[in-house]
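Once you scroll down, you'll see the structures, which are given as structure tokens.
Look at the two complexes coming up: chain A is in both, with chain B in one and chain C in the other.
Coming up: the complex of A and B.
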């Protein structure tokens, strides 16, 4: 290291900072790959060029200066056009601009000012991609980026000593050879430096963690606009207009749709995550009627009251949902609750009558929200919006014209064939029972009818023929999936005079055995039904055969309601997923409440320690006072003397041990060893008789220098090895004499 | 190296010249009581000692702006990713400060000004830097040096790291512009270590007065006309350059190496030089006498000093300089380098108002005098005959 450090010149430093700059550029693109912004071609191209610049630096350096000068106006034109063409969506052109600038700075020969620009640009890319993705990979990216950028800045700073004028060396890449360069770089690092760097990096990470925890969270409520990413597309199965097969297509996707942190205790019932309610029948499938859509209550806040039918004033366990971006704009709710608490302000449309809520735009990245006081709900209570239904069921006229919600929940196919099939089904459900039947009884019987002799399958061959697709399936005995079961149930119920609707969302989820939370995958997408009871409200029904819903070609072990629970997932994939949730819980979702809890916890620990110390001291003091206040006889005095003697002996032993340890430490240190060696030489010279003045001027000089090393300050030592060599010669000479 | 250990000293206060040879340190942890030093260090974090300054560099300003921007965004959005970025930026500033402190802690330095300095000629002014760390190298230190009168400035950068226990010398080839008394000032220690965010400086003026001799100019003397009037040389019993041994004596600084008597040195175990009888060649006495009024023009007086110094040096090199007569003084004999340097020192300090008639007429030697010619030139006269012009 010594020789290498001495030989390090400006060209070496320039080469190092070039390669480090290229690596910084490459690293900053890492998370950009996971952004769904349609930038893949650009990111890939930039990554390839940056890699080329790192691997073949002389090529980039050999390009003429005018080539780089031309790039600036070209980039300006590109960026301006990009912003204009992007319309209002400024994030993709912004990221494209930063990538282009970072690419330019990575490829071109850089001065120190441009090195700093590269650092800023790559930092922007890292932070922006981290903010937009919220991925755990951001942590890894940051863990790599931080030491790299520190090393880069260190090299840039060192290079200033060589070239205060900030010039690019001409000979930087002449006869450049990777093998020699790597050998030279390896020579710079010895184990001591690596350990020191490791300690420094750990210290920095520790201080960053402490700062992260202790930085105050003001929660200004996003009063200033900031980067928010909208999804470029969502699953069609989770939209207002669903055609048959949309949900099945989601079920073929095994990726996680959202994760739900429900506390340490696993719920006994498998939750139904309602997302949207489809009230209107159409031949293509069920959809959200225009009238229902218009009923939405718009809220812009980070604290939104639950929809009226789901509102739960009583306390319960808070559930935190980490909803992946690009799934849907409808939020999954597993039951009744008090409020939805978001991390920041959001525009939400709440369906009070249906118990749903949707974002204005589908989030492009992970959305966090907490449901306070969550409780299971099988029945949605009556809402004022249901009044027309109650009147309609009581036989009052509902008026003409196009039917609005909630009367849309009575809509049926218009063709005779379908109605005939439905009539047959209603008759089968009633089973010849001519008495009036309540909604709950009818629903239970309808479910039994639908599930009788009918299996579950994602692939169905519905017979061709006239009429609605649902009634054709109902008329057959082929297996079906949740959409068919729920849709058929709703039509049968409606034909029997019971308002009914289809509910879409998720059912169940895989229980992560490492961190105890639900991993709800897209394959858990599900559809079920609700039937209206004028006395209770909307009753939940699961027409899909129990134990088979939500499976892709394989039956789930999970029971539909209240049955046995599936085993916890403890696979490697679940472990990796649990890391992500730890990241979400401890880092991304860390808020003022957790901060206050942490501070309270630390305060409680200190309080406990203080109380226990105080109690111990008090008891010791009172015991001492009692002892001193006792009768003073000979035994008492002997005990006192004995204790004092023990204390003195312990103190002396402690001092001796401490001195011994310190002496050993001093001996182990380099300077103490050198002093000891000088002392040995002085003794040998004295023994050989060379300590007299007759030893000559050379001997006197050697003795003086040895005494200097033995007793003098280290900073003023002469060349130690040379002195020891002279001393060795002097000893030999004296021995000969 | 026979230096004394570092002496703690309040930064910002000038160091006396006689102590410039001592190693200096930034004042961190030099006391033997580590607890007190630690307390003092904490206090210094809030109230920096006098002379200590920390300013953000361009990179530091960018970092602070980034911190402000990311901090605002973090508080606005409650985005913890932004809080992480902010925490990392702040801790990098913290780390930068700690590393900078560690780097400074191991640094020892001293000003090494040896001279001689001559106007128009380069001579080294050095700062010796020692790394007192036992394990860490010393990096990225710079010293700002300037001069008091000439206002010359130089920043000496430590280009390569100094390994633990090593010492390096940073040299500045200083070319003084004019003769006279000058002060070389080691103004401050500057470092941007480790990442260039902060420019930390410690004002620690170490002043070293130096004497700048007059410049050597190109003005040869022609003695052809004066030769006829030259008096014959006489035998001298004084020590000087010649062939006959007069005496052996101990070596004194300034003695020419060729005068060392090696055999006697070997015999006696110490350096011994031979003194010869001065050869009876014709010699000169340079008279710097004259009236203050004749040197009213400063530039002309400076030229006179340079011309005189050149003549004195040339004659000394030729072995034909008997002495130099300063105003109102008896002629000083100039037989060795020490005496020659003393003459240069006096010439460096000479002012027009010091001028006056020479103290004594030389015997057995030709007197060289100077007088102004016109408004720019200076003439050199040997017994009244012009032998040179500058």
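Coming up: the complex of A and C.
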């Protein structure tokens, strides 16, 4: 049975070109959806129209002529007004313009010029959206876009060779039927085409990977500072002014706020990710005081070192945080840190006194930073800013006027009702103990008091009445959430004379069991408290029940409020999330250090392979030499003869089997390719002038055999490989002549 | 039959023997000899169209003599009756019944000399016998036997009192051949050899009738690869779209060209057809089946025009390699 290679006509190629073009357009819009571009209806409309162009090509291809007449002026007006209305922000209108042009190119009957324009336009969309989002979907998009565009260009080239006039065939969509089209396309898939395409694509991916690994690192965001745009993200609402209920509202959001690489081993206790320290009491809630804000140290660098007092020696496992874009401008830190290294230069305000840092504004897309010299102890060491507190606690006058940080950490409600409730609470904590109590003991007792008979609930029904909301809640026995527990704890502590502050951030996170990292979601948002101890510094306390007992340095594996237990997450969603982290770790965050590590790793592997091969060869060679050097008796010679005979038999059997398999495969898979190859040799011989009789008897024999393969029946073919070898020689000989 | 069992080299040797045998007598007409052998091998019939005295009859005679088989010659005239060709039933007084007396068509190689001189009725009787290889008489069908080949001749110049063969009947001939004038050297040799009447020519048979029938049975088994068939069809298709022709070649013409190409491949010792075989046979196999749209008064001129157009078609249609 002869197999025939499927043949295409120009209209077939045109149809393929059309559908591939539509798919390219659709694919290029993929990541655009995750950009906050504005004019969503336009992007959605473009996607729907492109989809229509792909699914119902006859309809899309028969748009009325007036449409094409009016489109140019309409687009010009739209684009110009879009740029004017956008003000100075030129990226969104630019992308919108490219989307519009790509849409038109997918809808119109295209000749070669428009096909190439479509490729350029979609490529712009893919690259711009990819660079702006840095999402893993960009990698997937590229992995799909690249073969598709290669296929598209291949079809464009083919159709050019079919029709040099480069026209649109009239009959392209007459009697178009998807089933028939797909059947025809399936007929084209021949194993050789698939193998060649696979090899080509793998080669391209390999060379791209090698380029990626070997190119000097540079930071795109730093090089092109204007290329920043807000990615669509979740806004948690962490701000310098937290009113009651803010944290709870954040906890309703399940999206990932950041991911943290903490090394391969899960920490024994769930980390507290501090983002913001609220020192000032206001009736609406706690906030960052003006004086604390002013203390912020502005740094414009990609490397931030904590002040000497906090600086820890470098070492330990560095933690890397992949902070999602748009979550917050306050960066989460698991305790005090020594150094923060960003991927690129950033403007950061560092709160040395509070162990926090904030960006000028929420990062537009994912932000990477690495923390070294981490101190996970439940104490934030003393800082020079705390001096006034030490003096105040020692009884020295703090001076009049508005209190500045750190004295703001002693602020209390002014009304008598609240103070009375607080006094009662302080008395209950002290429990009649009149001796001076240290901060640690007081804190522990206060936590016990707050948690005594009081449950945890995200919905609270605080009784109406006079006084501060926290003291009213404290006075009641209703359940509360972390903000209330932390706030009430701080007020009680302050009333007892201990400076205290509320810390907000995240607690715990889901431990991804696939790639070993924390997925910290917005529902892990949390508030806790710190009390000042003049000896040690700021002591961490967890007033919220079902969490850490409040004792310092006692690790706990229990679940904490809000389900922040660090259970290993091995769900499908976690797997998908782990892919994203691989993308961050290996691609986006691939820096010079990793580059060097990788190169030296590859070098080491090669070295190992070389060494082991060399050792194996050496031992084999020495064994052989020893054997040959041995006494040559009859047995020795017989063994040698036997081994040579075995080798020859194996070789002959291998050749016979190979020939049998190849012949069977040739008969089964059809002979069209072999015939085509023989035809190519005949052409080359003719081109080289070897088809003249002067070529000699050898040349005539080769030509006859090639003709036999080209036109003769498969069963009577001469040995194909031998003929091709002779043909190759004949071609070379003819070329020399 | 499996194509790899075709003894192509043996057939080539046998046919080469015949060819050499004929070429001893017919000088310098290798192409015509080869073509008539292709006709013989394809079980087809040949029409030799040329001027008188160029060796048409001698060629047919030599062919018959090279083959160990029967030969008969019918000189067609306007008063020739069908019964003169196929035979007649006569009353046998002793047997008291009609017995069929076989005509000259009951032979292996039949030379129908100046076929266009006979009436259409007589021509039809011969052509029917050619087509079917059988003769029907008095409700009885008699097979002519194998091998059977009619070599008809006609004079393209002298049209006085002739009945030109209609296109449909031209289609029955596998090929139309031309002898042409011999060149100087060949004619010198002919002159040196002295003039011989054709039945005085001393020529020995080299292939038996039975052998030839065996070869003929192998012709349909010669392998024709699809691209070669496509090439053949493209050529035939081109005659159908050619503006100069009144009508293109028929499907019978396609079949004839394929069979002839298969026979030529065997003649050259191959068990498969190559495009060159097809290209070589296009003119002799198709030219007599095609008629110009603007008929020329002169038959030779018309023939040259048709052959010229066919030659251009062969040049135009690319050969599959």
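Brief remarks follow.
The definition used in the following text is that the second predicted complex is superposed on the first by the 450 of 737 C-alpha atoms of A that agree within 3 Å, B and C clash if a C-alpha of one lies under 4 Å from a C-alpha of the other, contacts with A are read in each partner's own complex, and residues count from 1 in each chain.
Here is the rule we go by: a contact is a pair of C-beta atoms (placed from the backbone, for glycine too) under 8 Å apart; a residue touches a chain by one contact, two chains touch by 3 or more.
What you see is a predicted model; the values in this text were computed from it and never measured.
Within the superposed three-chain arrangement, the count of touched residues of chain A is higher for B, of the candidates chain B and chain C. Of the two partner chains placed by superposition, A:266 touches none, neither chain B nor chain C. Of the two partner chains, both chain B and chain C are touched by A:713.
Applying the stated contact rule after C-alpha superposition, one finds that A:725 touches neither chain B nor chain C. Look at A:138: by the touch rule set out above, it reaches chain B but stays clear of chain C. When both complexes are overlaid on chain A, the residue A:192 reaches chain B alone and has no touch with chain C.
Once chain A of one complex is fitted onto chain A of the other, the partner contacts of A:682 are limited to chain C, with no touch recorded for chain B. Shared interface residues of chain A (contacting chain B in one complex, chain C in the other): 2, 708, 712-713, 715-716. Listing the residues of chain B that touch chain A in their complex gives 1-6, 23, 58-59, 62, 66, 70, 72-88, 90-92, 94-95, 98-99, 108, 130, 132, 134-137, 139-140, 142, 155, 157-161, 163, 165, 192-197, 269-270. On chain A, the positions that touch chain B within their shared complex are 1-2, 5-6, 8, 113, 116, 119-120, 123, 126-127, 130-131, 134, 138, 142, 146, 150, 153-154, 156-158, 160-162, 164, 192, 196, 200, 203-205, 207-209, 211-212, 215, 217-220, 222-224, 226, 343-344, 587-591, 669-671, 696-697, 708, 712-718. In the complex of the two chains, the chain A residues touching chain C come out as 2, 4, 675, 679, 682-683, 686, 707-708, 710-713, 715-716.
Interface of chain C with chain A (complex): residues 2-4, 223, 225-228, 270-275, 320-321.
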